[in-house]
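What follows is a pair of complexes built around chain A, which joins chain B in one and chain C in the other.
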Partner chain A sequence: MEEITKKDLLILTGISYGQLYRWKRKGLIPEEWFIKRASFTGQETYFPKDLILDRIDKILELKDEVSLEELSEIINKKQSEKEITINDLKETNLFFNQEVFDLYEKETIGFNHVVLLKLMDNIYHIVEEKEELKNFYQFISKYAKDILNDYKEIYFITSNDKLTSIFVKDSNNLEYQVDDILKVNLKNLIDNIKLIVMV
Partner chain B sequence: MSEEKNVITVNGMMRSPGNLDCDEVDVNGMFKINGDLTSQKLKGNGLVKITGSVKVDHVKMNGSLKVNGDMETQSVQVGGLIKANSIISEEIKISGKLGIKNNINCDAFKLDLAGNSKVQNIEGSSVEVKQRKIKNHFLKVNTITADDIDIEHVTCDTVSGDKVKIGKGCIIKNLTYMTSLEVDPDAVVKNSEKAV
Partner chain C sequence: MANNLTVFADATIHGGTYNKVRVFGSADVLGDLTAQSMKVFGAAEYKGKCHIDTLKLYGACEFEEYVEVKYLNIKGACEFNDDVKVDLLKIYGAVEFNKTIFRCNEVKVYGQATVSNLEADYIYINGHVDCSEQLNGEKIEIATHQGSKIKEMVGTNITVKPNRKWFVHVKSNTSKEVEIDTIEGDEIYLENVVSKAVRGNKITIGPNCKIDLVEYHESCNIKDENGVKQVEKY
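Take a look at the complex of A and B:
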């Protein structure tokens, strides 16, 4: 994963140290993204570039409409039971492939299923056989709660039109030698959806 | 819900055998909590020891506050000694001695040194460390990262800031600044660099 130093991040985004650490304090930027490492100019903090830039964009975009306290509550609280209508969800522009809505049959949708649908959306382009996608969706919607609460990452591999998924609880010691792999970090996915859907 | 508050007042000595969740704790004397403390306020004079973590909105103490776990607060004001694993707060004002094993993440951090202090990292928007009355005490810290930094008698490996003022008695290994840098003739800065 490409990394960016704290200094470059501030220059690139125009935010201040104070803002960065205020957002960390409020839980809007996860502590794991602050990677401390020794460098020739002493200790330097690095960030996963894509993740942090994406998150800062979202916070800057939302911060005029929603207070930091509210944002912090949205991202840190347990997923609400509140359901929203499919039409409202379609209007968020969260989805690239409108076809995934066909997978869901009801009129209203809870947060967990929004995450699952978004997951389908993210893997849509790697699955050629759409019947596979449907089977997989039926499988994960059955265990939605367990998957979203217990697992950190999902890896997807396709071969011969078959979709294989690996659910991972702790990815620190995972090594793999497969070229076509799609990795989804569940927590980041959930947090990003919260910032879009719940605001 | 009634407007009644759960206030714990200690005059003398008290011990709590487990976690404590209340609205206010007022101590004159000594209070030891074997567990976590959750409260809106913690104030008093004397010694407070907490073996767990602390979630208190406002802390105002004279004396010693010793916490084994993490502190999550809105404001902390301590005259005397404060010890903890880490502190998250909007505002910290300490005159005395500080011993924090890990990080302080605080919007406005102010320390009047009286006694040698130590903390791993300080991060926030403003950091001020001064020595007013008692001489020859210092703060030892690994990194300081903030927009406005104004420090005296600080020994630090890495300072990064926007407007940085390094006062007397400081020993800084590496320093990066963005807008301005002032260094007292009495201070030592080994490497400094302007970030562009």
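Take a look at the complex of A and C:
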């Protein structure tokens, strides 16, 4: 993954050290994104470039509408009970493939199922047999709560038109030698959806 | 209405919900404890999670699990081995935090504290702090007369200077240096600081500083040129 130094990030986005660390303190930027490496001045901090730029854009966009405390509340709340209608969800432009809405049958949708649908949306292009997608969706919606709470990452592998998924709790010492692999970090996905849907 | 609990001698508490808890002797808390207020004058060891509104520790305490407190006042010696969430924290005694203290409104240290990560809106240090990871605050003030050692200090408004009150001044003429590896913030004022790198928007370097590198964005005011090796604008 491409990385960016802290100084470059501040120059690129125009934010200050104070803002960056305030957002970190409020939990809007996860601790794991601060990657520390030794340098001649002690240490230098790097960030995963795409993730951090995306998140900062979103915060800057929202901070005029919503206070920082409210944003922090939204992103740090464990489970949200709020249900929204499918039509509202369609208007958020969160989904690339409108077809995934066919998987969900009810009129209103809870937060967990929005995450699962978005997950389906992310893997939509790698699954050829759409029947398989449906089966997989039925499987994960059965265990939605456990999956979203307990697992950190999901890996998707497609070989011979078959979809294989691996649920990972701790990815630190995971090694793999497969090229066609799609990695989804659940926490990042959930946080991003929260910032779009819950605000 | 929950019960009150007072321990005079030696007791084992299996956790539960209480109104007021007082420990004069020695107590082992084995399960999760929820209480309105708790005072420990003797010794206590917590092996479960704690949710307490007002927690005052005058004796010796050890916490193994997550602690969530609104007001925490430490006058004895304590050790916390997991994350701590606290609104208002005052330290007069000696305390060791081995994990993160997060989403805190106000922290005041008059005694001695060993912390790893500390996140608070307002941090005031008038004692000694040993920080192995990061202090992160909206406003950080450090009075330097006891010396401190901090790995990384970040925030919006950072001030490090000796306490100007006259009686403190008489007591200790030689203000001790504060060692801070890196300082990053918007507005920074430093005195008596030894640091490798200082980065920020508006930086003022006062007397008695030894700083290897200053990187500033808007303005930089150095009162003692000898104390700074290198200055850069970004």
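Just so we're on the same page, the second predicted complex is superposed on the first by the 196 of 199 C-alpha atoms of A that agree within 3 Å, B and C clash if a C-alpha of one lies under 4 Å from a C-alpha of the other, contacts with A are read in each partner's own complex, and residues count from 1 in each chain.
By definition in this document, a contact is a pair of C-beta atoms (placed from the backbone, for glycine too) under 8 Å apart; a residue touches a chain by one contact, two chains touch by 3 or more.
Treat the numbers as computed from the prediction; the structure is a model and nothing was measured.
Q: For the overlay on chain A, clash or fit between chain B and chain C?
A: clash
Q: Pick one for A:Lys7: touches chain B only (first), chain C only (second), both, or neither.
A: Both partners, chain B and chain C.
Q: Looking at the overlay, what does A:Lys130 touch: chain B (first), chain C (second), both, or neither?
A: Once the two structures are laid over each other on A, A:Lys130 reaches no partner at all.
Q: Applying the document's definition of touch, where does A:Arg22 land relative to chain B and chain C: first, second, both, or neither?
A: Once the two structures are laid over each other on A, A:Arg22 reaches both partners.
Q: On chain A, which stretch or stretches are contacted by chain B in one complex as well as by chain C in the other?
A: Residues 7, 11, 16-18, 21-22, 24-25, 41-43 of chain A touch both chain B and chain C.
Q: Could you list, by residue number, the parts of chain C that touch chain A in their complex?
A: Within the complex, chain C touches chain A at residues 102-103, 119-121, 136-138, 154-157, 181-182, 184-186, 196-197, 199-201, 212-213, 215, 217, 234.
Q: Of all residues in chain A, which touch chain B in the complex?
A: Contact set of chain A toward chain B: 6-7, 10-11, 16-19, 21-22, 24-25, 41-45.
Q: Any idea which chain A residues touch chain C in the complex?
A: So the residues of chain A touching chain C come out as 7, 11, 16-18, 21-22, 24-27, 41-43.
Q: Touching residues of chain B toward chain A in the complex: what are they?
A: 88, 105, 107, 123-126, 142-143, 145-147, 157-158, 160-162, 173-174, 176, 178, 191, 193, 195-196
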